Structure formats: structure tokens, C-alpha cells
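In the part that follows, the structures are each spelled out as C-alpha cells.
Next come two complexes built around subunit A: one with subunit B, the other with subunit C.
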Partner chain A sequence: MRETRLWQLHLFSALALIVLLSLHMGVQHYEKILTGLGLVGENVRDFASVAGRAGSAWWNVLYVLLLGFALYHGLYGTRRILHEVWYSRRATRVIDTLVVVFGLAVFIYGLWGILQATRMGGAL
Partner chain B sequence: MASTSSRSTAVAEANPAQAEAAGAAAAATITVRVARFDPEKDKALRWQEFSVPTAPGMTVLDALVSIKEHQDGSLAFRSSCRMGVCGSCGMYVNGKPRLACQTQVGELGQVIEVAPLPNHDVIKDLVPDLSRTFEHHRAIKPYIIRDDEAEMASPTREFRQTPEEMERYLQFAYCLKCSLCVAACPTAATDPLFLGPQALAQAYRYTADTRDCGWQERFDVIATDHGIFNCHLAGACSEACPKGVDPALGIQLMKRTLVKGPAHRAPAPIVEEPKSVIDESKRPQAPPPTV
Partner chain C sequence: MASRLETQAPQAPQAHPARPQRLPNRLGLKGWVYAGRYPVERYLYILHRVAGLGLVLYLPLHVWVTSSRLQGPEVWARTMAALSSPLFRFGEFLVLAAFVFHALNGIRLLLGHLGFTLGRPAEPVYPYPIALRRQRPLTVVLMMVAAVSIAVGLWEIVVR
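== the complex of A and B ==
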């Protein structure tokens, strides 16, 4: 049942990415829509606005979730492809271990980056 | 032969133009390019061409039989029923996996290319090694599993199942184990450990059967690495199936079953003992013996 749960999480992460990426892209590239809706202020790509978001707990939660779901979704797919390229039982175990270690390392690094940004944003 | 020539004479007398057309059709030939492979001599497939006289209704299997009988007795291929029932004549004909006995040469053009099924090892010429398909099929436990072992060992009566319940798995029960779907599958092409559309669709066939309660045992086999979640959803299996089975649908329904469990929670019970429809008290009595 472990594989079923992992697959369900893969589907769920796809749904979560649609929401989170829409927000991210909306702010970074289609800010007029969000400003029109009154959800963000003007000049969202100004340094002050970026730093302001970096200091906001809401935006940081959003970015941590985006990081986690994007990593999971991408690495789940990569793992499946790698399973087909190297298909021995031993290779399967090695691939699984490498994917988990790599995923955790990148997640921790990303988390550290977000925390640094929060500190800088809060300090401004 | 005698009956064929007497029929031609009758046609010639009735309509000379028709007789001419029939003569031309009988004399028509096609080119059959056949992949050859002898495991003792060859490292890869090599192609050999044969010119084969056609006849109305001729199938690819008929063409191969003709080659074997009249031109090259060493050509190896597998067939049995010649009527799309046994699943043994699966081949790669003009770039598609097909049953040779169900493929008319008239539909294929002047040149027909016949190769062994892709995604399978080749035993000789057009004979694919189906053992991996059969191994995967066996792995998913393709039989009714119940917990009433005494009843399974020596059945007393039938299990109850409605026509609607039977409809849920019926199309999957038509599977011939011909392995054409495996030959068409892009995942099977890269990953030999992948269970494949044949076995996965059969896992659904038995899990959806209300007489069965062996779903957990099958879940443990298919929800694994190289199992059901490796399906790319290409749908090539369903297009290739000669019996109208839709293995891609079976795989999707099986995924849903993995998440939600089977539609039935307990196996179908045994049908009740039939009751007499005759009221014994009203049964006419035989008259008393007179002698």
C-alpha cells in the first residue's frame, strides 16, 4: 500500500501546485490581476515589496509548501523514469535511496534560503 | 481442388468478364517480408522475401503456411486454432501487433512485413517467448480466492452473482493471453520488470469479481515498484487488443480500487438450496395398487 499512498500524494501535489504556482505566477508576472482584485499592492517586483513578502509569515508558508510539493512531484516522476532506465531490483533500491537523500538535501537547502530571506525581510 | 475448378468453369460459362477477373485475382501475388532469426546462427533479425499467390479471404497466417509448405519448410511460427481464440499467432504485421489468423492480407497492400512481437525475446523466426507475460499473469493470482476453503476444495453449489455484477469484469474475461498488448506497451519496451497491461487488467478482472475476496493479496503484488503506477497511460494496449478488452481501462479502474477498495466488501454467498416448487400436500396420489 506504500506505493498507493506515494501515488496519491503525487496526485495531490499536482493539485496543490496548480494553486500555489497560480499564486506565485500571479504575483510575479500577472500582478495587474491581483492588484485589480486588491490582493497585493502596486509594484510587486520592487525590492521593498519583495522584502515585504519575505518578511511575511503567510508568503513564507506558501513558499515552503511550493518548495515541498514541487520537489515531491518532480522527484516522484524522476524516480519512475529512473526505475525504467535501470530496472534491476538492486538498482530500484539505490534509486529510491538517492532520490530521498537528494530531495531532503534540496528541501533543507531551500528552507534555509527562505529563512534567510525572512530574516532579511524582517530586518528591513 | 476438384470442386474449385468445377466452380470456375461454371462462372466462365455464366459470365466471361467475371471469370477473367476471378482468374486475375487467383494469379495475384503479394510480397511477404519475413523476419528470420535462428538463435544458433544469427545475432540479430534478418529479412527474407517471399512471393506468395493470394486467394480470396487469405490471412497472414495462411500466407505463412503457404510459405512453409511450398517455399521454406524451416520457417518457424506459432498457431493453433486459426480462429482468434487461442492467442498463439501474435505477430508484428506491418508495424502493428496483430493476430496473424485474423488479419486479411487483402487489407495490407502489396508488401507485407511480418516480424516477431516486440518487447519479447525471440525463440526462433516469428515465435516470441511469452514466458514473461505468463509469469506476470501468474503473479497476480488469476483465480477466485475465497476464505471458505472447504467450499473451494469441494464446492456444493454455485456462488450468487447478478448479471450487473458480472458486467463489471466480463470484458476483461475475454483476454486470450496473446500478449499483443504487452508488445504495444511503451513501458514494457523499456522496463522488463513492469507487470504489463495483460497482468494488470487481469488483476482487475478478478478483484472486481464479486465471488472473490483475494484483493489484498493482489494489491501486494501490483502496488509495487514496476507495478501498476508505472503505467504511462499511453493506451496503446487497448488499441492493440484483438478481443476488444480495454486493459488501459482495467488499469485505471484498478488504481481506483487500490485507493477505495473493491465495490464489494464480502465475497458473494453460495446460492440457497433450491426449494421444491410443488406443494407436497397437493401432489396427486397414485391410485392404490389393484393387483
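== the complex of A and C ==
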């Protein structure tokens, strides 16, 4: 893929993350305010609450999108910084390979966790 | 007596002529984190990168820690109890602050990348127009929103 396309995807993932990650961080870190407004239930980190979200298709779609966009956005940015620090053709190839392998490994592990949790949520 | 130039062996052709030239980087890491007398937006950009790197480091840890829910309620409760120490709570606050700052400063950068906050092209007449001055009000508003959001997040973490 050409560098321009990668950069455009970086910008698009930033827009998506502003929405998705704000939702995730809002629920997890602004619990008291959102509970006061009646937008979420209390104790969002209790196991029952976590399992309840794991059984929700909407939350699972959000988590998969969040994982993919966050990994792409973060690792693209890391790659650009590493390219500035170590600049040579060989370093570029090594950095690109490591970033892709690391990103895929974390994505597959995270996806496996979300799918396993879906079963757990459905069982409750 | 042969001149100095004549005694030198001819240079061998470069093995990789298209290889990019390695330019001197005398400032090193200092040049990466020190912006001298550039405007505040340049320092926000440096902080943006630092916050982003922190979030990238945190993401795999977050995926790993949250996967402990798969081992059942007891393991999850133990994990949450371990993460409720002051040190981890401070770390949680840093993650929240990094996200809030990165997201709001990212809106400024995104608008700049797409050309919305740069202003119309103008003749380069001294004193030269600086695009960053045009987006200064936006910078101030976004950083105020970030400060309030981070303060509220700190309150939530402290009183939890």
C-alpha cells in the first residue's frame, strides 16, 4: 500500500478513535457523572457488568473496531517515529516487519479474548 | 614528484547509488524533544507524540489484563483488587490524561493536516503571516477542555 493511503487510514482511524475510545473511556473513567445522568449503570467494572457487556453484540463490535483502529493508529505513529530515529533502508524494512508482526499478534490475541468473552457473556 | 591528487586511488563506484544519504544529526534526541523558541503548538506536538507512545505501550498490557475476565469472577476480582493500589490508580490517571490530551490535540492536528485552520494563501510580505496564530484560539479552547476533562477524571479516580 502506498504511503499516502497508509497516512489517510491513520487520519481516518484517528477520527474513529475519537468517537469509539471516548465512549469506552467515558464509561470506564467518568462513571459517577454518567451514572448521575442515568446513562450507565453503577459498578461498570464488576464481573457481572463486564460479562453483561461481553454478551452484547454492540459492545463486542465496538471492542473489535476499537482494537483494530487503536492498534493501527498507534503502531503507524510509532513506525513513523522509529523511521525518524533509525533511518536506513534496512532499518525501514526491519521496523515495518516488526510493527506488522506485533500488531497482528496483539490483534489476534485481543480478538480471541473478545470471542471467548462473548461465549462467557452468553452463558450468564 | 606526483601531486597528492595523482597518488590517490580512484574511488570505487557506490554499491547502492540510490541509497539515501545519511545526513548529520548533530542534535540527536535533543533535536527530537527540544523545539527551541518555536510556538507552544510545537511543544504540544512533542507532547502529543510522547502521550501517543505511552498509549501504544499501554494497549497490549490492557488487552492482556482484561483477558483475565475469561478465567472467571474470582480471578477478575483479584485482578481488579491488585489494580486498585495507589500506584496503579496513578497509572490509570496518566492513561486517561494521555488519552484526553492526545485526542483533543489530535483534533487540532487533524484540522491542520486537512487545511482547515491554515488560512488562505497570502503574499510572503514581512511580517510573514503565521498559520499557527490563526489556530491559536482553537488551541486554547481545546486545551481548556482537556484540562477540565483531566481534572474531572482525576476526581473520579480519587473518589472511587
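What to note about this one:
Simple rule for what comes next: the second predicted complex is superposed on the first by the 107 of 124 C-alpha atoms of A that agree within 3 Å, B and C clash if a C-alpha of one lies under 4 Å from a C-alpha of the other, contacts with A are read in each partner's own complex, and residues count from 1 in each chain.
In this text, a contact is a pair of C-beta atoms (placed from the backbone, for glycine too) under 8 Å apart; a residue touches a chain by one contact, two chains touch by 3 or more.
Note that the structure is predicted; figures quoted are calculated from it, not measured.
In the superposition on chain A, contact of A:V85 is made with both subunit B and subunit C. In the superposed model, C is the one of subunit B and subunit C that contacts more residues of subunit A.
Touch criterion not met for A:L37: it reaches neither subunit B nor subunit C.
Of the two partner chains placed by superposition, A:A57 touches none, neither subunit B nor subunit C. Legend: residue contacts after superposition of the two complexes on their common chain; A:H29 is shown touching subunit C, with no touch to subunit B. In the overlay built on the shared chain, the residue A:E3 is in contact with subunit B alone; subunit C does not reach it.
For the contact definition in use here, the residues of subunit A common to its subunit B contact set and its subunit C contact set are 84-85, 87, 89. Taken together, the subunit C residues at the contact with subunit A in this complex read 16, 19-20, 22, 32, 49, 52-53, 55-56, 59-60, 63-64, 66-67, 69-70, 73, 76-77, 80, 92, 96, 99-100, 103, 106-107, 110, 113-114, 152-153, 156-157, 159-160. Note for the complex: subunit B touches subunit A at residues 187, 190-194, 219, 223-227, 229-230, 255, 258-259. Taken together, the subunit A residues at the contact with subunit B in this complex read 1-4, 6-8, 80, 83-85, 87, 89, 92, 96.
The touching residues of subunit A, counted against subunit C in their complex, run 11, 14-15, 17-18, 21-22, 25, 29-33, 45, 47, 50-51, 54, 67, 70-71, 74-75, 77-78, 81, 84-85, 87-89, 106, 109-110, 113, 116-117, 120.
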